[in-house]
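We just call them A, B, C and D in the order they show up, numbering each chain from 1.
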């Protein structure tokens, strides 16, 4: 009820604060007998961890995880899987200057007002550090999805006003290779360079900038999604909007689709395999989802991230006594979150698809 | 678990098919002693009902509701409230021609594949007729919110590429008056005329068009929203994405915000009332929500609707034997859903806010 | 969250008051393509309905149901099934004398204090009339279980201090025949006669008496139940304790088992079919459940019902002004609930097993 | 959905196996600003921990806990509280002899069949070691309840056929003192001696015996409980039945009440304080609950525990190849669980009352 759990069957509950002893997650409902590739899980955490490149925060966290339950001889047992990720580089003193100030566009004021108390160190629970737990759980969801040949690919499609061109391939392993060859995680090397240069400038300026992550999910079978409220895209949307700094979600044709006519927008069915179980559509404005249920086509969606609120410039704000005060960002922060957010988006997508896959088993 | 319930404390469960005997809803968790203004509830249903004007579907439904439980002497008793809305104008024979055809960009194929059976009459459960039940429940949520001086205003801000200018008032009763003076439900009379003309043309053409609904919620106290997953905007997003034909959701600065810099985007706190309990911000790119929790400013969001899939033109499709066939839309359909969708958006927003308001009581 | 729903996957939500317009239930999560035997559903309702014999209440309700959604051509479609049962014989004026009095051992006082308002007519929501909705939903659960060859048999094993002997058969259809041959629903005809005589005396005396329902469930596969909290017997226990007037639940050896030694109580495994998938045990003190998971043996449990609180004798009580007043039962009431409760116990058992059966599919 | 969470608002999710690295729990929904008395939490764990006396298992676990999140400066912050309890004395090799054998009346067979894999070491997840996590969470629930002057007292009222007399006091701190003065946790010193002697004999004999825990809860306000399914006693019943080895639950008059007449059983209201907000009843056969809602009287219930299944005698059983084999208990086990179970019963009761207390806030 308090909102720290996600998923109905493949359920995660995360815990932990930015500068507490540890963060982590319990996965309840992971099917038994799933072999856990520990190196894969770590590699996912590595893609999210801070300090990866010059354009990310310099906080140093190895994000080394341990699994304390639910696994025997490398296999899941069907009981709750507890993953622990200790915090290593908590410089809490970095935050003493904001103990009694409400940072603009941060969660300081709202947490204080809601709970009457807040862990001010590094944003406490509202810090994006919590998403490491999601990435660990998402890695296990991905391992489950691999057994069903479902693959997820997220990439940075915009930084500020710099837009990447459309994907020029639909082979996910190839796309990942390109994406991981640049620190921005853009699937187009030329645009990546431009984005990197722009982020570096922004950073030098003590400023931050927003961006967009686009995602494609391949191999989702027909039938996932639970109308009328738990439609597949509604669950994906909630999952994405629950990620720190996200301000928008659209799937398939999205906001652009609202300008189109039905005669252009309708995805015409074809039957290349001569079997009703595997219809395809000529276009995919539906983003792989019709009536809230997957139709077997690629699932596509975009996620908009606002610029990070912590900037290294002086701003006016209010303290907890109601006085006007100045504030300058300290601590270690990202000038642009999207390069690391790609992995968080993928993780949340994996969690949604795994959950819906298991929910759909009830009908079989 | 099957996805026909929404909300954790103010919980609704809807039922019913487009051409069955009735649709309706159970509200479980509505606080007791709430006086129900039955005329208000009917007036909300009237705003959603078909046949309101020349630019909406001509299906004739009075959408007269009755409440069968949970109310005594006009007041809620704290027990489940069951609202029944009979279907009156089911012309099921209109649909015999699509019994075995999968309409493009409809839910026919996905429902058939998921459940192995489907009520093909009027789209069955996937029809937007189900949203009448949401509007009835939403009306009761609005009555609850009125006691807290919370008001919701939705309006059509775009039809196709026609965009309405920004609101020129923030007095909701006035805005409603303007909006209800035109069949498009646009808050700008001049743009409304243009939109109406455009929809009429589209209709004459046998085609359909998408649009956008924008919403503002006033009077929400600081503190609503349950991080880290049930953030206020994540719940709003899921609610909106669960509405038929919705393809996108953004709040505050939304997708545009992802192009901005932190120094522009940050909402600077001010303290006009000299009390920490009621800080305001100079700008509102946060859309009234910081860290997933309401901050006392107006909550603002946009919802993108795709064009209606049923068009009165010949299209190619596949039948349930896998054959290529032609299909022409019959039945009675809207050329553009946004004028009626405004009320559905408001209803879902009211349900989210009422639910979060009650969830937040636990901390008090 | 308000407690009117039960079940995680095969979920029911009931509504309605004793003297309102109707009671009913939504089933969400019933698998599609289940053929509904409407006569069977009605026959189940008939076994619970009032006025069946001289030893039950004389309220006249036909308990005729209609299904308003979720079914097409007699088959479930996977969408919510709404079952409506109108109230026919509401003599609300019978209750005007208790409008302002708190009947002893009734829910009048607690409902008034919790909600600040109550429907005093016939006990409103706290009336056992609500259980008709459970029986209708339970009938559909039974139809689902039939497909898995799971059968449930409840019977009256005690009325006051009169105890029935152990079952002398384990063939459920035969047992049902014997049980239905007497108005007490005891599986032993001689004891049934004695019980009937006793209840008639009690009734003549204006008094009431408690009793016990015993249940056996056959054909449950190994594996149902979700430790550590949703153990099969924990769910059965909650289900039974949620029935009006129930004061106790025990399974397998129950309270008697707490007096035994481990060496007597342990159920020794045998392997008559030479397959590990179908072990049996020599004894069944475990009641078919080990570690909260069904083991393939018969599931057995007992449910204790207190005597009905409404008696036709003068009692002292307090009115809503705090004054001492006299009260005499009016209305139409059962002198002993167990004969009708048998069907309610079976219905709730069917709902639990159906729900756990579907929950267990996730692992397959 | 997998059953490792309990509670709707004060929600716990436990994890961990008997011989894994650690067990623990996340509490989500604990109100903020609750001061945590760490010594109290440890003292509760100490009452449950093994090795307390000669009549409990000799496994050595200090059950030292640490809290890794959700607390700042000794106070809860409203975010998830993660409590970790490392396993120290795992002698997994004790269990190699049962790796491929199904112990009678244990969960070995059912876990293996349900999940297709099981952690055989010490019973894995099915071990009562998991209840240490419940006791830690229950201790925090008790700290919350103290603020509302709600107190819980459990005690051993029967071991085998030895029954303790009724409580001769209703002052809980005094009762606790007496109870803690003997290793059986019986509230009557003379009976305690007899029980202790009996358990020692049973132990010498390599056997085990069942028992009963009785509980009284004082200070519960009128109004807790959520009809019709989440009645207060239904939630208490589920909570108790979820504890290892529990076979029965009854509240108020319980099974004995089913033999009584209404005229004896009805609890007559009185009004000693001349205020309708605080009626009392002359008797308390209702066990403090009417219509599923607390009525302000003491809440009373009994819990029946079967004898521990692991005995130090040779028994026949079946191995995972289907062969008949002999088995003799090894490892370290309790001859009778009730002395330690008292604390687990109290913890689960505290969790239920805390949860219902918070659920009830919604109406205020």
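As a working rule, contacts are C-beta pairs under 8 Å (C-beta built on N, C-alpha and C of every residue); 3 or more make two chains touch, one makes a residue touch a chain.
According to UniProt, the chain labels map to these proteins: A, B, C, D = Chorismate synthase.
Note that the structure is predicted; figures quoted are calculated from it, not measured.
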Furthest chain, CA centroid comparison against chain C (Chorismate synthase): A
Pair sharing more residue contacts (C-beta pairs) when B-D is set against A-B: A-B
Separation of chain A (Chorismate synthase) from chain B (Chorismate synthase), taking each centre as the mean of its C-alpha atoms, in whole Å: 26
Where chain A (Chorismate synthase) and chain D (Chorismate synthase) are represented by their mean Cα positions, the distance between them in whole Å: 39
CA centroid of chain B (Chorismate synthase) to CA centroid of chain D (Chorismate synthase), Å: 46
Numbers and ranges of chain C (Chorismate synthase) residues touching at least 2 other chains: 1-2, 4-5, 8-9, 14, 29, 32, 78, 114-116, 125, 362-363
Complex contact set, residues of chain A (Chorismate synthase) against chain C (Chorismate synthase): 1, 9, 29, 31-32, 78, 358, 361-364
Residues of chain B (Chorismate synthase) touching chain A (Chorismate synthase) in the complex: 1-6, 8-9, 14, 102, 104-107, 109-111, 113-116, 125-126, 130, 158, 160-161, 202, 207-212, 222-223, 225-231, 233-235, 237-239, 241-242, 247-255, 257-271, 274-277, 279, 281, 285-287, 290-295, 302, 304-311, 313, 315-318, 320-322, 324, 359-360, 362-363
Chain C (Chorismate synthase) to chain B (Chorismate synthase) touching residues, read off their complex: 1-2, 4-5, 8-9, 11, 13-17, 20-24, 26, 28-29, 32-33, 66, 68-70, 72, 75, 77-82, 84, 114-119, 124-125
